[in-house]
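In structure tokens below, several structures.
The two complexes that follow have subunit A in common; it is paired with subunit B in the first and with subunit C in the second.
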Partner chain A sequence: MKREKERGGTPVRGLLPLILLLGLWELTGDPASPYFPPPSTWVDGLRPLVDGDKLLPAIGQTALTFLLGLSIATVVGAVVGTLVGASRPIDRALSPSLEFLRALPAASLVPVAALVLGYTTQMKLVVVVLPATWPILLTCRTARRTLSPVLLDTPRTLGLSRWHRTTKILTPALTPAVLLGVRVAAPLALIITLLVEIVTRVDGLGAVLGAAQASFLSAQVYGLLTIAGVLGFLVNWVVTRAETAVSRRMRGTT
Partner chain B sequence: MARRVNLLGAAVFVLALVLWELLVRTSVLDFTYLPAPTAVGEGLGELLANGELLGALGHTLFAALSGWALAGLVGVAAGSVLGLVRPVWTYSMASLEALRALPIVAFVPVAVLLFGFSVQTEIMVAFYAALWPIMLNTISGMRTEPRMLESGAVLRLSKAAVLWKIRLPGATAMIVVGLRLGLSVSLVLTLVAEMVGNPAGLGFLLVEKGQALQPGQMFAAVFVIGVTGIVLNGLVMGAARLAFRGQMASSGEAA
Partner chain C sequence: MTPTISCDDLAVTLPGASGPVHILRGVTLAVEKAEFVSILGTSGSGKTTLLRVLGGLLPASGGTVRCDDTAISGPPEGVVTVFQDYAHSLLPWRTVRRNVALGIEARLPKSERDERVDEALTMVGLLDRAEEYPWRLSGGMQQRVQIARALATRPRVLLMDEPFGALDAMTKASLQDQLQQVQELTGTTIVFVTHDVEEAVYLSDRLVVLNGSPADIGLSLEIPLPRPRHQITTKERPDYLELRHRVYEALGHTVGEPARG
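Up next, the complex of A and B:
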């Protein structure tokens, strides 16, 4: 799968049906339709938000929550994953609890966090961090567990300090795994960010989207959906790129 | 396959619950609406006693499973066509990838707009969410190893026989993975649709108990949701193991 992607991935020709569909929609759609407003009306639908200076701050809020949440999740996931993976007993002791927590759907945490922590930005962060941590933690744990013993003995032979062992051996060896986890976690974090915003209506793109739906501004809903799609696409593109670039550089170590 | 019971793990789990109980009782963890585990147990009892829980669970399961089953049919069929017929793949895969980039939750308000506050909204959302993993896994599952196809040619199998005896069995493990992923996302998205759209089922129960300031019952609902997810996943795995014994083992999915 991976090799195929490097050979150029999916052909752009494949966008044809989507373009045709949107074109057809544009031509036959009724601008006043409450369900399927044609694409040209989407921009007009967004206009009130742009004029009211609401769209950019909303995107900013969403981006901030997403980035902060993903960063915290990366650090927590990498550190805890490495520690849990390093010791068999700790792994055995914690895994049932971790498995159960992981099985809780993020969606069900939203109302809980809203009730316990209130409708705040911290609440948003907690809800984003928790589910985004799992993929990173799990890949990191597995990578640490399967790390070649030679790699761990080398610094001991060389008499490296604990600090150098971490920075020079562990970090480079585990980075690809962490990035793989981040690649899975990033789209998830974006989805959860939007989800919290839609459900709790606390700032951000999701809140605007929810409000537009509640007031039946269908053209605006589709416009916002498109923006969310572009965000999703960007996030995917960036993480995939970063992951391939780094794992190519590190090919020797793993 | 006999697995040893992880006593240590279970002990830690129980210990964590006890610690939580103590911290709440002693007000070290001082949130107004954070219930202790015993309060959650009581909440569970209350929800069971007044029948709310089973009704909501039934509704959510119905919506999630209908959407998932529909997605299974459409996803496996469409995925097979996309995986087997090269031109179709060339001329539509990029569109599908563009659509897939749309965060699924952002689609929920659109579904509410289109289908109103109804169970259709839930089923549509569950369907849409589950469709992607099932379809994409089917597509990559259909990429059979050339050597297998060559042996089909050597044995002079007909096209139908190649599809039935080589391609489908080869794709089974991938399809099952897709179905599992699909089931868990369809459950999650059904809950979201219930929170945002249709006021019914477990998703709404959560929101409702939150607004009624019943944290015990609310956490109980979360617990039930978590257990439901685990049970459903286990059922799919068990069913797949029973139905496709050899095919699952061949790709290491059995582990």
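Up next, the complex of A and C:
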């Protein structure tokens, strides 16, 4: 129980410096400043978006791209990673290419994807899926490669079918690795989602943020930034909690 | 009697870092029903390889492997292997009960499954720990869970790969006696791989020694000690000591010289 508290307690106290900083900004900031408007003006800056019914759909679009992209990346990364890790020759043959593709900066994909797919939701998805796949694929590959041979022999000697070997042994055994990959991939996917929206202005929070910046609505920019920050914090918190809980259960450590 | 499980002129060659490695050559072994046969050998002599081939987990490179007169390709039904590495063989996300049910849950209705699991856990004396997770149990208990999981499938042949190799001497002795009781109760055929001479002589009806590289069977020895056997009295019998002496010799130890590490 004690341990639970140590690990899972919300770090409210840790946010104190940030809150102090915002407070200081509020007290000393000039409401007319074009660069650093104080926090109280941010809400007013967001009001036109709320009234025009633009903010929630934009958050929805961003969330949809992010979740859909991350889900596709999880499935693709887990399946391909498992297959690559299961075979020594395939692993050796593909590893250099995989390492190169992983190191490719995700942002540089945006122009190529926009060129091929145009300014569409599909383009956004492709740009999010590609970089988010690598962490999941690579952790899953390593986990599959280092899986104990005894764990794979056990269901065979007990006469389990190929399907049951996959669902009852392989899937639970690799789930912690997949979630570890997701934990790395999720913040990355959110960053790329916002980035591609800012650059291409196709829907979402990033597009609104980019538009606000172009129109010198600095209070609105800060307001949107705060929303993006909270979104990122929530995503990270949920994924970390899920990963910790599941891997503790699956690995059976106390 | 027809042998339950047998191999004839078996050869196994595995790929190694510098070309193929010949592990076994010309191994012929036939195990009768309800017999307890031990395979002894120094480490790296191919004992585990032989057991894996008999269990259908590794294909033979030459010769034939039969289970009840049928050539095998893959693990035959009713032949279950128990591994030395119990920690990796038990599923940490399943309770003891659900671990033991792993081999039968897809084939049997729930009521019968529960009955079999209870029966198997009773045989190894762990019924009261059924709802625990395996990683909360001691090493000896975990190995008993693995044995119970094999027993729940009601195997005709139990292949055991140094099952007590990682356990301390006292736990080992008590599990040896438990295994004898289980075999008496179920009439299961047991092939038992070990590098422990005392253990092999104490448990077996017959033992074979693998030696050479590639290995073949160097010594095949009947153990006519009366059953039930007892940890103290059996091991004090002159015929036990005589058999033990012969096995040590077959493994390359010579009398009069100090043993080398």
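Here is the rule we use: the second predicted complex is superposed on the first by the 238 of 254 C-alpha atoms of A that agree within 3 Å, B and C clash if a C-alpha of one lies under 4 Å from a C-alpha of the other, contacts with A are read in each partner's own complex, and residues count from 1 in each chain.
Convention: a contact is a pair of C-beta atoms (placed from the backbone, for glycine too) under 8 Å apart; a residue touches a chain by one contact, two chains touch by 3 or more.
Since the structure is predicted, the reported quantities are computational estimates derived from the model, not experimental observations.
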Please determine, from the superposition on subunit A, whether subunit B and subunit C clash or fit. fit
One more residue to check, A:60. First (subunit B), second (subunit C), both or neither? neither
In the superposed arrangement, which partner chain does A:31 touch: subunit B (first), subunit C (second), both, or neither? neither
With the two complexes superposed on chain A, say which partner A:168 touches: subunit B (first), subunit C (second), both, or neither. second
In the overlay, answer first, second, both or neither for which of subunit B and subunit C A:195 touches. first
Is A:95 touching the first partner subunit B, the second partner subunit C, both, or neither of them? first
Go through the superposed model and pick first if A:250 touches only subunit B, second if only subunit C, both, or neither. second
What's your read, subunit B or subunit C touching more residues of subunit A? B
According to the stated criteria, A:153 is in contact with first (subunit B), second (subunit C), both, or neither; which is it? second
Return, as a multiple of 10 degrees, the angle whose vertex is the Cα centre of subunit A and whose sides reach the Cα centres of subunit B and subunit C. 100
With both complexes placed on chain A, how many Å separate the closest C-alpha atoms of subunit B and subunit C? 14
Overlap of the subunit B and subunit C footprints on subunit A, listed as residue numbers: none
List the residues on subunit C that touch subunit A in their complex, please. 55-57, 74-75, 77, 79-81, 83, 85, 88-89, 91-93, 102-103, 106, 133-136, 149-150, 153
Give every residue of subunit B touching subunit A within the complex, in rising order. 6, 8-13, 16, 31, 33-34, 89-99, 101-110, 112-114, 140, 184, 187-189, 191-192, 195-196, 202-203, 206-207, 210, 213, 215, 218-219, 221-222, 225-226, 229-230, 233
Which residues of subunit A touch subunit C in the complex? 148, 150-151, 153-161, 164, 168-169, 172-173, 249-254
Over in the complex, which subunit A residues touch subunit B? Could you list them? 1, 10-19, 21, 34-35, 89, 92-97, 100, 103-112, 114-117, 187, 190-191, 194-195, 198-199, 206, 209-210, 212-213, 216, 218, 221-222, 224-225, 228-229, 231-233, 236
